[in-house]
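Okay, so chain A shows up in both of these, paired with chain B first and chain C after.
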Partner chain A sequence: MPDLTRSRLTPLSSLPPAVPGVSYSAAPAIARLLYRGSDGAVAAGAAFGVALPTQPCSSAIAGDRATLWLGPDEWLLLAPEYETLAVQQAIAAALPGIAHAVVDISHRQVGLRLDGPRAAAVLNAGVPLDLSLKAFPVGMVTRTIFEKAEIILWRTGPVAFRVEVWRSFAPYVMAIMAVA
Partner chain B sequence: MRTGNGGRVDRSRRINFSFDGRAYQGCAGDTLASALLANGVHLVGRSFKYHRPRGFVAAGSEEPNALVDIDRGNGRSAPNLRATQVELYEGLVAKSQNRWPSLAFDLQALNDLAPAGLFGAGFYYKTFMSPRGAWHRLYEPFIRRVAGLGHAPKLPDPDHYSQRYAHCDVLVVGAGATGLAAALAAGETGAAVILADEQAEMGGGLLDERTASIDGLSAANWVGATLARLAAMPNVTLLPRTQAFGYYAQNFLGLAEKLTEHLAAPDKSQPRERLWKVRARQVLLATGAIERPLVFPDNDRPGVMLASAARTFANRYGVRPGERAVVFVADDTGYGAALDLHAAGTEIAVIADLRTAPSGPGFEAASGTGLRIMPATVVTGVSGNLRVSGVTLGSLAADGTVRGGEKIVCDLVLMAGGWTPAVHLFSQSRGKLAYDSERQIYLPGTYAQAAQSAGACNGTFELAQAIAEGHAAGAVAVGTPGTRSFAVTGAIAPAGGFHGAVPHDRNPEQVKAFVDFQNDVTAKDIKLAVREGMHSIEHIKRYTTTGMATDQGKTSNMNGLAIASAALDKPIPDIGLTTFRPPFTPVTFGTLAGHSRGALLDPVRQTPMHGWAAANGAKFEDVGQWKRAWYFPKPGEDMHAAVNRECRAARSAAGLFDATTLGKIEIVGPDAAEFMERLYTNPWHKLGIGRCRYGLMLNEAGFVMDDGVIGRLAADSFHVTTTTGGATRVLAHMEDYLQTEFPELKVWLTSTTEQWAVIAIQGPKAREIIAPLVEGIDLAAETMPHMSVREGSICGVPTRLFRVSFTGELGFEINVPADHGRAVWEAVHEAGVPHGLTPYGTETMHVLRAEKGYIIVGQETDGTVTPSDLGLDWAIGKAKKDFVGKRSLKRPDLVKTDRKHLVGLLTADPKVVLEEGAQITVEASPATGTPALGHVTSSYWSETLGRSIAMALVAGGKGRMGATLHVPMPDGGIAVTVTEPVFFDKEGGRINA
Partner chain C sequence: MLLIRCPYCEMERPELEFRYGGEAHVVRAAEPETIGDEAWGQFLYLRSNPKGLHAERWRHTNGCGRFFNCLRDTVTDRIFVTYKAGEPRPELAS
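And now, the complex of A and B:
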């Protein structure tokens, strides 16, 4: 029987070409867990090792883990891929009898990183939000749209963004970025 | 006709271009208009209705006449471009429009000689009334051919277009003196400023100034210095060649930026235009004013133009638009134009001033220069057909009568009728206009949005005041009010003006004095409309079409209003004002479509196994946004042969199918089962962990909305599947109920459609094939029966393995994390090939499920079908207290026995395959108008059964079993027998193997 644990195919195999002012890279495979339920948010954050932010549209990072606020009772938890199961178990153990949900969506979406002074302008080809540093500071994260695709947009640096997009929409998003 | 020096063109760089096939040369910096005038060409178009020869009226975006077609070849063509806005580039090819066979000799110019009234106001409604029906056959095609503008391109547009959202603190529209000062004031505070201007070069009217200076700098140098300061500010975005065309709600404006239109050899990878979708905290309108023509007989002859236009051509482009000019003024700026043309070397034959006692700095300067000035004098006629050759003057008496008439030879007539503030965008913003009765102009009144107007568009015509107003508005926009004064010398401001039809001594029935040049509306037409009962401007406008052309009446609206006002003897504001609508100037469709065309019209979604299917010859079909493998033809096979082979394989060995696109929703939380109980018709509380159930979802009206197999993973966790097309709708429906009706339930919904790649293996050998690859799951029929789900691994990859079937065969659906889908698919395929495993597509899936009578929501249902109609009463939890749609199922209409029921149909001739959608009747050849009993919903050739099968919705179908009905077709009725809709393995032995 073949072992296919390392045989993978992502839709980010061909990225938009870098142009002056912006370059693209694929975020590595990662554990993505969608945590729901505000009752256990504090305990879940403690178990995860990164607090779940309560400030809307904010994020927190500690080491190789991050938590992204997506809604009043919804957070995206990012961790190294090999920890997917351990994180789920840790949260379950920390929340006995407290209503919550943790769903593995590691493969549902992919992470595309944009770097460079033109990154915001390229994103604004499809994102209707104000991406100035004043309105969308480093660390801000939100669900929004890029043209006809839903994305999660996370500013990771003054000229660096991460776009999380459902895998089948990634080619569409990248094709528009390439001609933006 | 080029002046010796001055202007903003580069005389050393000659540019070759052609107009109507003739070669010309212009200079770098020219527009097509200035270059043609430099070559002495005034005749550039034929008018819309009368095909009268026309020349340039204006020098900017308000130009009504000089519409040209620019063709770059290969589909890169655009009609109706204003020659005054087309920047010259090497090799430009322009053509005039609306003429045949040629511009100078146009046969349809006979329209101009037609009896008065034939083409007058409302002629559409009067002339083409009968015979009934001729409108579509005869009149409309004829009118469309002869009346008209340019031709739409026939080839697909090869260019691409870009779009950009932008936010700013202040959007300044218009980069004339006012706009520049405003941008400066706002930009200096560090605020985010966008400055947009329709012209290639920013500066607006300052670029036309010969004598004006600002703060000691010439107007042009002040523009240069100001632009340099703005360009050095990182917070200021300068957008030249950018038309702010639409002002929408909440300070949202549409800007069309031309990126490559002015280039001889544009880089094809660059977008042609970019649509800016700007959201501004404050909008600052500095859109200036538009000069009004004077409405006198034959005021449309080539060589009759606005005084401001002549001034622009002379001062900005170094072009003399004529050798000898008559300047007809009602406003002091006309004298300025006369002086500028005089300085450029054009002889000023006379300045005819409509006013009895002219005054003002322009008048004084012209008098001082010794130009001949005739007060109380009007132009009563223009001679010359293809070009002005002279005018007739008349003296205007105090009682309004005119006595003629000195004839003056000239080749240029300038009109200075006064200035109309450009309030288009303000009006689009839903701001309320206020009428200034003293100056007879509409000005911004009450603002509906966070905006300010400054400068000429606000009625502030005097240059020093306009700049100061712009600067102050810019400061206010960023919350730091302050005033600054600017020292201006040598500028002549608008003062005076005239509205309406100029009096003359000619027979009013025989002359044409144009109000709307582009739509060929004359003063006579408006008066006629009033006489015929049109008393509101909304009616007058539609009856005469004044102001309804592509220029939207930029030069004509106020004159039209004034003529109607005089005819009705009512003040102008009582007649009303038509609404200004976007776009300010026409915007090409490509710009509005942006990225959304061709391959990017809509996202094209592909599954992780798409590449394998493509490499193995699959044909694809579109299912929503998804591409699904339709069938896998082998060399020489058509669709039927391929589908038959695929069906045989699935029934005899096994088939492999990509089911990834099915919607998947993970429902988790202590109240998950209760939530399922309320959203689906079936009972869920007692479904065992590791077991699956077919779920049926209704809408509130009791009609079937979706279905799918649902597995229980844990006490508090369900794995729901939906139809491919229903995934988004079902999740939204669930969220809607959860958030609005059942907020007390502790349950959360997460779409996992794309988390899992789903590999369906169906057929008697399915278990045998996958068994060696699966770990941690006992696949034996006793431990893993039909409708169960287990978690384990396959080829080392974690899997949710479902034992389910949409074919009636023993089957599994292998869910693996999507990244692994392709590799696992290939491994299963490789393991199965020795057993006869055959990949199949959606067509075979449809046939196999139809043989078993399994419905497809959206094919057997159309939003009006109940579970009972489908024979799915068994899927309804009778003991359940409630579920969405339950109450509606009791409605009298939904329990009638003659509703359409799902049945099977077998044709008398087994080789005949019915058409899906075909109607069903009792008789073979029913009389026309006979209502149908229903229609065929699914119909296939069943290779398994060696005959055709069909499903249908038939009125009272459950009571018609065994009956013969007919499917009437053009070649005659097809006899069918009504049966149960299950054709194969009714006992279900195979599925439980």
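And now, the complex of A and C:
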């Protein structure tokens, strides 16, 4: 099998310059699986090792895996790179005869981290949500928009966010962040 | 900007994340081939288009992605209530 990872280019090779109060970093490569299904969500979470949260816009982390609520029957599962197949097989084995879908979207999007006390202000240049800690607490995650691009926004700490964006939109998002 | 409460996200979200989806509660016939051209044409094209309270579909496109229904006044643009797809149209206390 060709080693695709060696030739794959990341759109995050050129990040927005750090400014006082916010710095940017590219999240390492990771396995991303989109789980769709209602009846099997509990069993799927058990097979994955992290429960699929039922509270809207919440997330759960256990070890090196995480589950992100995206919709009432839709979650994004994050796991270490190269565990894609193992996760798919574990969930399929746990859900015999139960309708569900697990789609590998590992390379559809990229992860961009923002750290610093001004991270929320930079994001609010394009995100029309209240990003105060009260309205958007640590662990909250949601699909939303950044200007014209759809993103997944995940607050990983009081002044830390992760933006998941489709790879072809990453230069657009970063260009706006750079002038925010 | 309008803030619209998504019944699936259970919170108010900015209008920019939503798309309008036409009149709600327009039911497709179980056996369309039996209802005739006129009834089929009405299902496809005829809408109530009221001046005032309107039950309509919206989709939280750039959010949870779900379709839901909404009671909105087409004159004032005021949204009175949103509710999940499949739920009956709520009665408004007047």
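We take it that the second predicted complex is superposed on the first by the 175 of 180 C-alpha atoms of A that agree within 3 Å, B and C clash if a C-alpha of one lies under 4 Å from a C-alpha of the other, contacts with A are read in each partner's own complex, and residues count from 1 in each chain.
The rule is short, and it goes like this: a residue touches a chain if its C-beta (ideal position, glycine included) is under 8 Å from a C-beta of that chain, and two chains touch if they have at least 3 such contacts.
Everything numeric here is computed off the predicted structure, so don't read it as measured data.
Shared-chain residue A:144: touches chain C; no touch with chain B. Touching more residues of chain A than its counterpart among chain B and chain C is B. Using the contact criterion defined above for the overlaid structures, shared-chain residue A:19 touches neither chain B nor chain C, since it reaches no partner. By the touch criterion stated above, A:70 is placed in contact with chain C alone, chain B being left untouched. Applying the stated contact rule after C-alpha superposition, one finds that A:129 touches each of chain B and chain C. Using the contact criterion defined above for the overlaid structures, shared-chain residue A:108 touches chain B, although it does not reach chain C.
Once the two complexes are overlaid on the shared chain, A:56 sits against chain C while remaining clear of chain B. Judged by the touch definition given at the top, the superposed model places A:167 against chain B, while chain C stays out of reach.
In the superposition on chain A, contact of A:180 is made with chain B only, not with chain C.
Comparing the two complexes, residues 128-129 of chain A contact chain B in one case and chain C in the other. Contact residues of chain A toward chain C in the complex are 56-57, 70-72, 74, 128-129, 142-145, 150.
Against chain A, in their complex, chain B makes its touches with residues 160, 162-167, 192, 271, 277, 279, 595-596, 599-600, 602-608, 611, 625-626, 666, 668-671, 746-748, 750-756, 772-773, 775, 795-797, 817-824, 827.
Residues 1, 8-11, 13-14, 16-17, 62-66 of chain C touch chain A in their complex. Residue ranges of chain A in contact with chain B, taken from their complex: 1-5, 7-11, 29, 34, 36-37, 73, 99-109, 121, 124-130, 132, 135, 147-149, 166-169, 171-172, 175-176, 179-180.
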